[in-house]
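Two complexes, one shared chain (subunit A), two partners (subunit B, subunit C).
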Partner chain A sequence: MSDAPLLSARGVSKMFGQIRALNEIDLDIGPGVTGLLGPNGSGKSTLLKLFAGQLIPDTGEVRLMGQDPFRQPAALRHLGLCPEQDRFYEEISARRFVTVLTQLHGYDHAAAQRMADEAIARVGMSETARRPLGQMSRGMRQRIKIAQAIAHNPPVLLLDEPLTGADPVARADLIDLVRDLGREERAVVVSSHVLHEVEAMTHDVIFIRFGRLRAQGDVLRLRAMLADRPYRIRLEVDAPRQVAALLLEAPYLRAVTLLSEDTLEITTTDLEAAAAEIPLRLLEAGHALRRFTSPDADLESLYRYLMGHPQAQGGA
Partner chain B sequence: MSARRGVQDLIHDVGYRGFKRQTRDVKAIWPIARTLFALAWRKRVTKLALLPCFGIITVYGISIVGQLFATEHFTKMGAMSTHQLSQLVGKTQEMLSSFIRTQFFMVALAQAAVAAGAVAEDRRAGALELYFARPLSRLDYALGKLLGAALVPIGALMAPTLLFWIIAVGVTTPALREGLWGLLLPAMGSATLAALLLTTTIVGLSAMSTRATSVGVVYVGGLALLSGLSEGLFQAGQHWAGYLSPERDLRTLIDALLEIGAPSLAAQLIPSRGVVNPSVTWSLLSIAAFIFAGLLALAYRLNREVIDA
Partner chain C sequence: MSRSLDALGVWFGFHLDRRMRTRPLKLWGLVMIGVVGGLIWAERGAQDTLNRLTLLILSPLMSLTFCVGVVREEIEDQTLTYGFTRPVARGWLYVARVFASVAPVVLITLPAALIAGGRLGLLLPTAAAALLAALAYGGVFALVGQLVKWPAWLGLIFILGWEYWVSQVPGFLGRLTLLSDVRAIADLKPEIPGLLSFWEAPSLGVSALRLLIVAVVTLGVGARLVQRREHALSK
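Up next is the complex of A and B:
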């Protein structure tokens, strides 16, 4: 596969009346799973609709496999869309639903049905595929929506809240499926409110807020770029005071706080060095290190730092 | 072609090559049409609404065949002149004309059940997002929906009209057959116009709403209201009002196309007959306006869907 991005946006802005939904967005998305994160109304859905050819940008250009998805509908053969919308034709069976939508990509009925069966099997719904959509749970319909998106084997997938309504087992299965799809050299863009689920799928994320691109890249590398936000590390040790005294000399250390009788929190600007050296130093000094965690080196803390809102307030 | 020694050919052919013609993908239109009909077929009201259509087809089929056999029988007996005979048992074109007029109402009812949700249901369910995430233009979508909605008028109006003509030509005597050849085009033209009118108006109305039931009620109610209003105003001397009713306009055109001359005594007993508009041209323009309005509503909605998405 060439290095050209499967999805790209250059200087893309989109207005709805007086509201600027997207503002000068520049980004490239290549193979693999990419999480699209941002609060409600940040412009995520608008961006997905632009990539899906359902909106025209006011300025700039959007490309799907190098083609304009709005003006060249043929480009949409390369796209699979799993929309957030959950209510479709309630009366027809899941199998027929996926078959009809696959036929719209230009396949004859027999080929579309075969592809639909394969996709339904892949999402684990073969047993219940003949049931009408109206008789399915939300989680089951979620799987069917993903099946219709992947049935024609597209290189680009846009999944809007793909795990909504799924039970824990289904969520785990769907997370595995999304990761597998990403490993197949497809560009899989997942827009989700649930940060830990996105984190389970990928470390590549795009943050959007107020229609502007806040950050794009690997979670850990983005976190490392926030130099003004040192990492906190929690150590559960046998003698916190002695350990604190021992670590104070370390050059990467910014502060040490005693949290409890066995827990110590240190602040560092170099997580990598701290993670490499602290266990060794404690071992050499004969201290027992029971737990080493960093509460703000994950996606949720990165989201909090970049977006200014905790997850609980507005969701992603 | 011979290659010169020591010279590597770089250009192997020079000429013009025609661009590949962009053809519309029929495969994509048919699934849309079929899904529309399949969804409607699952509703009991659709089957109930189609029953009277088939009832009318049966009654008129028997009537046309009976009429032809009666004509043939009395002709052989030589009891009456041709004119007297046609006055008594009626003419085939009158039966075809009556069938199209009567079936128009029945098909309108069936259309309300089958096609009221054509676009409205897609809008309500958010299916447009899925349709337009596929290599499908708005025109493909519109053609698919129109084809799906046209299946009822094609099956219950156009196909029986053709069938009746074929039966009439098949069962009648060579002498009477002569008069039937020229009926095909006017009969099929009338049926096609009725089908177009019914299809475009219901799909256009469906595009303006998100509730199929409301569309169906407004459609049938609107047709009845326009017919009643138009008839009432016409009788009160407001002749322009005759053109407000699509049914009346269609009746005018059918009469002009199929019933040349005075109606037979038998035809005057047919209840679906009625007063027609003074001008065939204005009736045709009025029908064209209804068809255009339906298509315009559909185009407007599909265009808005891009902006509103």
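Up next is the complex of A and C:
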């Protein structure tokens, strides 16, 4: 596969009347799973619709495998889209629905049916696929939406809120499926509000707010770039006072707070160094380290810093 | 081109299948059976009345019912995304959708018109009139459905207020209607007795060609509009 991005946007802006939905977006998306994050109305869906050839940018250009998805419909053979809305041709069976949509990619009926059956099996819906879509639960319909997106084996997948309506078991299955799809050298873009689900799928994220790109990249790297926001690390140890005294001299340490009889919270600007050294120091000193967690190093904290605090400038 | 035609066939078959299951179609089918049955039962001379009712009133009304919402329905049902994100020019999908909406009109009006056409010599022209009328009206109403906000009302006024009455007017004005061509093909003279002596039917070939041109042009313009417009669904 070439190094060219599977999806790219250059200087893309989009207005709806007086509202600027996207503002000068520049980004490239390559293989793997990428989480597209932002609050409601931030421009996530508009970006997906631009990539899916449903909208035309007012300025700039979007490219799907190097082609304009709106003016060159042939480019859409590379795309699988799982739309957000829970709407279908209700009276049609799931199998026929997926088969017909696969046929529109140029496959004859027999090939399309085989591919549809494989996709339906992959989302775990083989047994109920002959049922009309109108008689299926929201979670089942969600799986069928994913099946129609992956049936023709596209290198680019856009999944808009793919886990909506799925029960916990189905969610876990779908998260595994998304991860697997990302490992197959596809670009899988997942737009979601549910951070922990995105975190379970990927560490590569794009943050959009007010139509602007706030940050793009690996969660931990982005977090490390926020130098003005030190990390808190919680240590569950046998003797917190002695451990605190032991760590006070460490150069990466900013503050130590005793939280309880067995928990200590330290503040550091260098999570990597702290994570590498603290367990070793404690081991050498003969202390038992039962738990090492950082409430500031996950996707949720990064989201809070980038999106919740307007002063945080995390462009990457 | 061949791939586009294949896609057109697939999308046409899919939407025809869906259309055949809809309530409006079943309702129109029952109306037509009732009308045909009633008139045949009443008297043999009713054939002409049935033919007029089928081709001059019911065919345009059915075309309006089925074709005016080909794009709008998919936007309202939020299903547009599924077809329009495939590697097929959206215009072809639009044409397929219009054909799938025209086909039931032909399926219902053709048998009725053939029964009513009666005379052997009129069977072919009656069938041609039923087919071309459905195509031309289908193209027009599908296009109007894209362009105006209340297409169904406009369509009703067009059929009952303009087409039916003006098509009986002799001369240039009457020629401005599609129905004057349908009348010419199926040999249906004006219903207003005073106008009968002035009636001068256009030639069958010209009328058939005019209806065909209207169908092709309106389908082409409609397809081009679909091709160039943004069709994203709002949440």
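The working rule: the second predicted complex is superposed on the first by the 308 of 316 C-alpha atoms of A that agree within 3 Å, B and C clash if a C-alpha of one lies under 4 Å from a C-alpha of the other, contacts with A are read in each partner's own complex, and residues count from 1 in each chain.
Heads up, the rule we're going with is that a contact is a pair of C-beta atoms (placed from the backbone, for glycine too) under 8 Å apart; a residue touches a chain by one contact, two chains touch by 3 or more.
Computed from a prediction, not measured in an experiment: that's the story for all the values here.
Aligning the two structures on subunit A places subunit B and subunit C in clashing positions. Within the superposed three-chain model, A:Pro73 lies in touch with subunit B and with subunit C [touch as defined at top]. In the superposition on chain A, contact of A:Gln54 is made with both subunit B and subunit C. In the superposition on chain A, the residues of subunit A contacting both subunit B and subunit C are 49, 52-56, 73-77, 79, 81, 83, 85, 87-89, 91-92, 96, 100-101, 103-106, 148. Across the interface of their complex, subunit A is touched by residues 3, 6-7, 10-11, 14, 17-18, 21, 77-79, 81-90, 230-233, 235 of subunit C. Those residues of subunit A lying in contact with subunit C across their complex are 45, 49, 52-56, 70, 73-77, 79, 81, 83-85, 87-89, 91-92, 96, 100-101, 103-106, 148. Remark: subunit B residues 25, 27-28, 31-32, 34-35, 38-39, 42-43, 121, 124-127, 129-137, 306, 309 touch subunit A in the complex. Put simply, subunit A touches subunit B in their complex at residues 49, 52-56, 73-77, 79, 81, 83, 85, 87-92, 96, 100-101, 103-109, 148.
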